[in-house]
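Pasting the structures in now, so scroll down.
In what comes next, subunit A is part of two complexes: it sits with subunit B in the first one and with subunit C in the second one.
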Partner chain A sequence: MTQNRLLKLLDTIMVPVLAMISGLIVMGILIILIKKPLFESYAILFSTGFGCEKYGNCIFITALERATPLIFTGLSAVVAFRSGMFSIGQEGQYLVGAVAAAWLGYVIHLPPILHPLLLMLAAMLAGAAYGWIPGILRVKLGVNELLATIMLNSIAALVTEHLVQFPMRADKSTTAHSPVIDKTAYLTSFVPGSNWGMGFVIAVIAVIVVLLYLWRTKAGYEQRMAGQSKLFALYGGIPSDKSAIRAMLISGALAGLAGAVEVMGVHHRIMTGFSTGLGFDGLTAAILGQIHPIGVFIVAILFSGLKLGAQLGLQLQLEIPRELGGTIIGFIILFVAAGKLYEDSIVRVRNWFARRNSHSLKG
Partner chain B sequence: MEGFFSVFTVELLNSGIRLATPILLAALGGALCNQAGVLNLALESKMLLGAFVGILAAFYLGNSYVGLLVAMAAGGLLGLLFAFLYHKYKVDLVILAIAFNLIIVELTVFVMRALFGNVGSWSDPSIVRIPDIQIPILHDIPFIGPILSGYNIIVYFSWLVTIAMFIFLYKMRGGRHLRAVGENKSAAETVGINAVLLQTLALVISGALAGLGGAFLSIGHLKLFTRNMSNGRGWIAIAAAMFGVNHPIGVFLASLFFGFADAFSVRIQNVTDLPPNLVKLLPNVATLLVLIIIALRSKIALSMARRRFRSQLRADEAARPAETSL
Partner chain C sequence: MSLAIEMKGITKFFASTHVQANDHVDFSVESGEVHALVGENGAGKTTLMNILYGLIRPDSGEIFIDSQKVDINHPDDAIKHGIGMVHQHFKLVPSFTVAENILLGMEPTQTGFLNQQKENMLVDQVARKYNLLVDPSARIQDLPVGMQQRVEILKVLQRNAKILVLDEPTAVLTPQEVNELITVIRGLSKLSYTIIFITHKLIEVMSVADRVSVMRGGRMIGTKKVSETSIPELARMMVGREVLLRVKKKDIERGDVVLEAKDISVVAVNGLPAISHVSFQVHQGEIVAIAGVSGNGQTELVEAISGMNSLDGGEIIFKGKPVNQASVGERRNMGMAHIPEDRMVVGLNLQTTLDENLIVSRYDHSEFSRYGFLLIKTIQEFAEKVVKAFSISAARPGESISMLSGGNLQKVVVGRELSGNPSFVIANQPTRGLDVGSIEFVHKTLIEERDKGAGVLLVSVELDEVMALADRILVLYRGKIQGELDAATATEEQVGILMAGGTLDDLEMAETKAGSRPIER
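Moving on to the complex of A and B:
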């Protein structure tokens, strides 16, 4: 029994792990092509992205801070994909949630605990509403949700930009930003000097809740069945349209929550260029994490470390453009998608495992 | 009334046609792929690759026309890679498109920075923009002349491709085979059509066209490269292909619509003092509305077919008692 579970786990993580290794090999090729030291680059990438120089100056803690919104947007993508909705609208829902949280953060004055709760609730509602649009368009009319969410993303980005530059603008500084939210709405951080704090805890709770929802509740089961086979779900009496809408609402709420946590825990306001492709990164984290909450959690931290390592390590120390980090992540997705490339090696590893186990049984 | 119509000038038509060109080229490729039954969502990345490789080749080889050819070749190669991964390894085309979008956005900036230092956008005075051409006789016709003439070679080429694709798809055997593959791949294969070859061909041609559309942006329209220069035009092109029911003429009209929406939003920014970010929404909102219209259209077509079927059924039933009574 345990052996079967181990083999199953091995099967699940085999492709992502091999894809990661392949991505790092591509990185090596690119580094050799631009004539930079190969092994030093790897060492700097990992020691910067996942390392700690001294207490209080820990880039790994920054990586955990950056991973926080990514976990939410990744979970958002997981919930959508698992119900068969190919929504990539996390970016737009994230922005809508951030705007809602930033606005209520300085408009309404409430005592601590109550204020953050209200902001998170508002952001989740805003995100859910923005996720409902492509959901209802898909279910009622059959509008392609991929294209619809792409358009809704750019619409949200432009509207946010407008809001920050005009109605919500705090002062006439060179970079437009909204007023700072009340101190009561801040999320506390664990380490002084960093913004890694309560947001991360909320993210971990979200991982557990999504895990329980998808695999331990009736609604989650319906949703997964509707995602796997719409016809099968219909035969079983599952209203797949309803579960698709529900999935888009939950997915939107999670992405909106990402915006709220980012506003309350990190920036304490919203400014021009607030969207930095977090939604898209969440999508890739979901794909690489095998569309599983725990996978998303691990991959989000890995991604943030890789990006920070590329930005602070490779770019600052070796003058390698930081876009290398994003490029590698793209290649890793490509290798995951082309998982069949590894089929032979997976079979070989499985055989090796089986042989080893039979040996130990004999012994 | 006059104030409103002052927005509509010949210049608006000109810039509408110019801005429609990259969308048209990519959308024609997308339509060809749809007709062949392969979903090509990666138009955006092929466009961006074409934009980057085109301006690089124009710089290093010293000739912008060669740049166009290289951009087409690059897009075509990427299409070939797609076809290979799709047919050989059965890779999910949607995830493949997302992966390549990310790779091309980041890799182009990576290479740009590796070559030219830490810059946000890059241009060089030695690069020549593709010159505009006046068509001799056509140009002298009043009113129509200034609208139809005075563009660079890519614009005229995109019109030629529209016509050529129409002839290929509807008047030639290869085109009929390609549509048969799109209709039902295994049925087409049973009668001896090489479906893999035709789908590969569609992906390569579509890649080359999208690459050319990208090069239009970097060396045909402007004279520089910036991060994510295609800026969603590849996605709009997919909507244009759907809007034009994958028919070359329909795609042409749909692309013109999006080009004008784009030009209109630029023009409104110059003429009025509406907030620029909200005016920039126009093409996106237009695309979303078009997506809804496409969906409504197919829904109505379905319900019409259903009604026809029902009335047919009723007519048959009405006829049957008459038969038995005989």
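Moving on to the complex of A and C:
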């Protein structure tokens, strides 16, 4: 039984792990091509991205901070994908949530705890409402959710830009930004000088909640079955339309929450160019994480660490362009997509395990 | 006679599933014979043939072709040695023409351009040579399954195959197409082709094969001359015990009406009427069979009654209540069960575990969920119970079902549908593609349900099945009830003529004219 579990786990993580190794090998080739020290590069990439020099100057903590919104948008994608909705609307829902949180952060004044709770709730509602649109379009009119969410992302980006430039603009400085939200609405950080704090805790809670929702609740069962086989759901009497809409609401709420956490924990306001593609990074974290909440959690931290390692380690210490970090991630995704490459080696590992198991059973 | 193929000591263990698919199998085929390879689902027939065709590499064993030892590592090697395989699921390009499919990869070209006329001519010649008439310019997607299979056979012949492996070729065919295929096989055998015919339908073995080899549990049980064996003997070899080829059924009093269809009509996707003005009743403790050639409205009828599709006219009354507006879930909660035609896509979700497959119709009942949460433990216990009660040998609670054989998959469906004490069961082609052992099991369970007082609507294109199970027979022809017969007195001829669109009067007339001429079906 446990050995079967092990094999199953091995099956799920083999492709991403091998893809990562391949991505790092390609990175090595690129580094050799630009004539930089190979092993030193690896050492610096990891020691910077995932290391801690001293308390208070811990880049790994920054990695965790950067990973926080990714975890939310990744979970958002997981919930949508697991219901059979290929929604890539995280970006738009994230912005809508951020706007809602930033606005309520300075227009209303409430005591601590209450204020952040209200902001998060509002952001989730806004995100859910924005997720509901492609959901209902899909169910009632058969509009492809992929196209609908792409369009809604652009709409959200432009509307946010307008709001920040005009109605919400705080002053006449060169870069447009909204007023700073009340101190009462800040999310506490754990380490002075860093923004790693309550937001991360909420992200961990969200991972657990999504995990429970998908595999332990009736609603999660409904949406997974409808996502895997529409006909099976219809035949079994599962209301798949209802569960698709519910999935889009939850997915939108999670992405909206990412926006709120980013506003309340990091920037404390919303400004022009607020989104740095966090929605899409979440999407890739979901795919690389095997559309599983825990996978998303691990991959989000890994991505953030790699990016920071490239930016603060490779670029500053070895003068390797920091874009290399993004390049490696790009390659890793490419290798995951080409997962068939690894079929042979996976079979070999499986056989080795099986043989070892049957020996140990006999012996 | 010399041996065309000799396989010695073939062994194959699938580590991923812990299945010993082939265990020192010896198998030989004389050249020019039709050799049937039979066995239950999962007996190892397909593995053995895939090894012969180079799709799977054996752990050990040797293959001889025309007494020469050969290494077959890839289908290309097999083709080189004159082996051709027609798979159960055709490997044709639906949007290409017949000629384009047959000549795929070996098209005659003229200065680099395709010449469609030449292709068509070439294929026409080949088709005439083997007496396998097809229209070279027809598109595959427009052809019936029997024709597609013919194209597949031609494709193999065109690649100079001398030994043809047909993997369950009749599983997808209508009875008439089966007869045509048998004629084709006999013709090829006369042209001194060697044919290996995988099947689990023993009637076909008796009618077409020269010799038959039986496999069970990965081992070769034995090879017999067809003229020296019988269906009961082969069934015993296949299953390993005595098999009731026809299940016994006791007489019981039928009860009240449980389901009534009142003048129902369904319009198909293409806008044509699929079911028009059909009325019938099913009582408690009775099996009503809907007989008919496939494609006469069975699918639409079942979808309408189960609630998967809406009616375009008429009314369905279940347990005294009109259910036209009720969803699938509501009907199921009222006690309707449904064994669907397609277990792989409709009846099961192969991507998930046994447990989750078993609760699909009842996950929201209080026994399996509380306050919105699934009761994982209870569900697992339930799965264990079903596995035991329906002896689904290879299935384990909590694990995937994608590796189970067809018979076991159907047991999962039947187990789920019948374990909730339904008052009405729709069984649509419940034994399609199953081996004799599993058919016996499904038949027995359906009769048990009837004896317990459920109403059963059996939809089947297998005349044998209809005759064996039904209390009453309704024959569906072009979306209408062509006739109703009492199963106790009905003959196969009567059902047959109704299935073909005739009437019982036609039959009487034919009988008085020609004495008691048997009617072929």
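Throughout what follows, the second predicted complex is superposed on the first by the 357 of 363 C-alpha atoms of A that agree within 3 Å, B and C clash if a C-alpha of one lies under 4 Å from a C-alpha of the other, contacts with A are read in each partner's own complex, and residues count from 1 in each chain.
Just so we're on the same page, a contact is a pair of C-beta atoms (placed from the backbone, for glycine too) under 8 Å apart; a residue touches a chain by one contact, two chains touch by 3 or more.
Values in this document were obtained by computation on a predicted structure and should not be read as measured data.
Visitor: Based on the shared subunit A superposition, would you classify subunit B and subunit C as clashing or fitting together?
Guide: After superposition on subunit A, which the two structures share, subunit B runs into subunit C.
Visitor: Name the contact category of A:Arg216: first (subunit B only), second (subunit C only), both, or neither.
Guide: In the superposition, A:Arg216 touches subunit C alone.
Visitor: For A:Ile333, is the partner it touches subunit B (first), subunit C (second), both, or none of the two (neither)?
Guide: So A:Ile333 only meets subunit B here.
Visitor: Based on the superposed arrangement, let me know which partner A:Leu324 touches: subunit B (first), subunit C (second), both, or neither?
Guide: The answer is first: A:Leu324 touches subunit B but not subunit C.
Visitor: Give the label of whichever partner, subunit B or subunit C, reaches more residues of subunit A.
Guide: B
Visitor: Pick one for A:Asp241: touches subunit B only (first), subunit C only (second), both, or neither.
Guide: A:Asp241: touches no partner chain.
Visitor: Just to be sure I follow: which residues of subunit A are touched by subunit B in one complex and then by subunit C in the other one?
Guide: none
Visitor: Using the touch definition up top, name the residues of subunit B that touch subunit A in the complex.
Guide: 41, 85, 89-92, 94-96, 98-107, 109-110, 113-114, 118, 232, 235, 238-239, 242, 275, 277-278, 280-281, 284-285, 287-288, 291-292, 294-296, 298-299
Visitor: Would you tell me which residues of subunit A are touching subunit C in their complex?
Guide: Touching subunit C from subunit A are residues 4, 216-219, 221-222, 224-225, 228-229, 231-239, 347, 350-351, 354-355, 358.
Visitor: Under the definition above, what is the set of subunit A residues touching subunit B in their complex?
Guide: 30, 34, 86, 88, 137, 141-144, 146-148, 150-152, 154-155, 158-159, 161-162, 165-166, 280, 283-284, 287, 320-321, 323-327, 329-331, 333-334, 336-338, 340-341
Visitor: Can you check the complex and tell me which residues of subunit C touch subunit A?
Guide: Result: residues 15-16, 18, 306-308, 327-333, 338, 340, 345-349, 351-352, 356, 359-361, 363-364, 369, 372-374, 376, 399 of subunit C touch subunit A.
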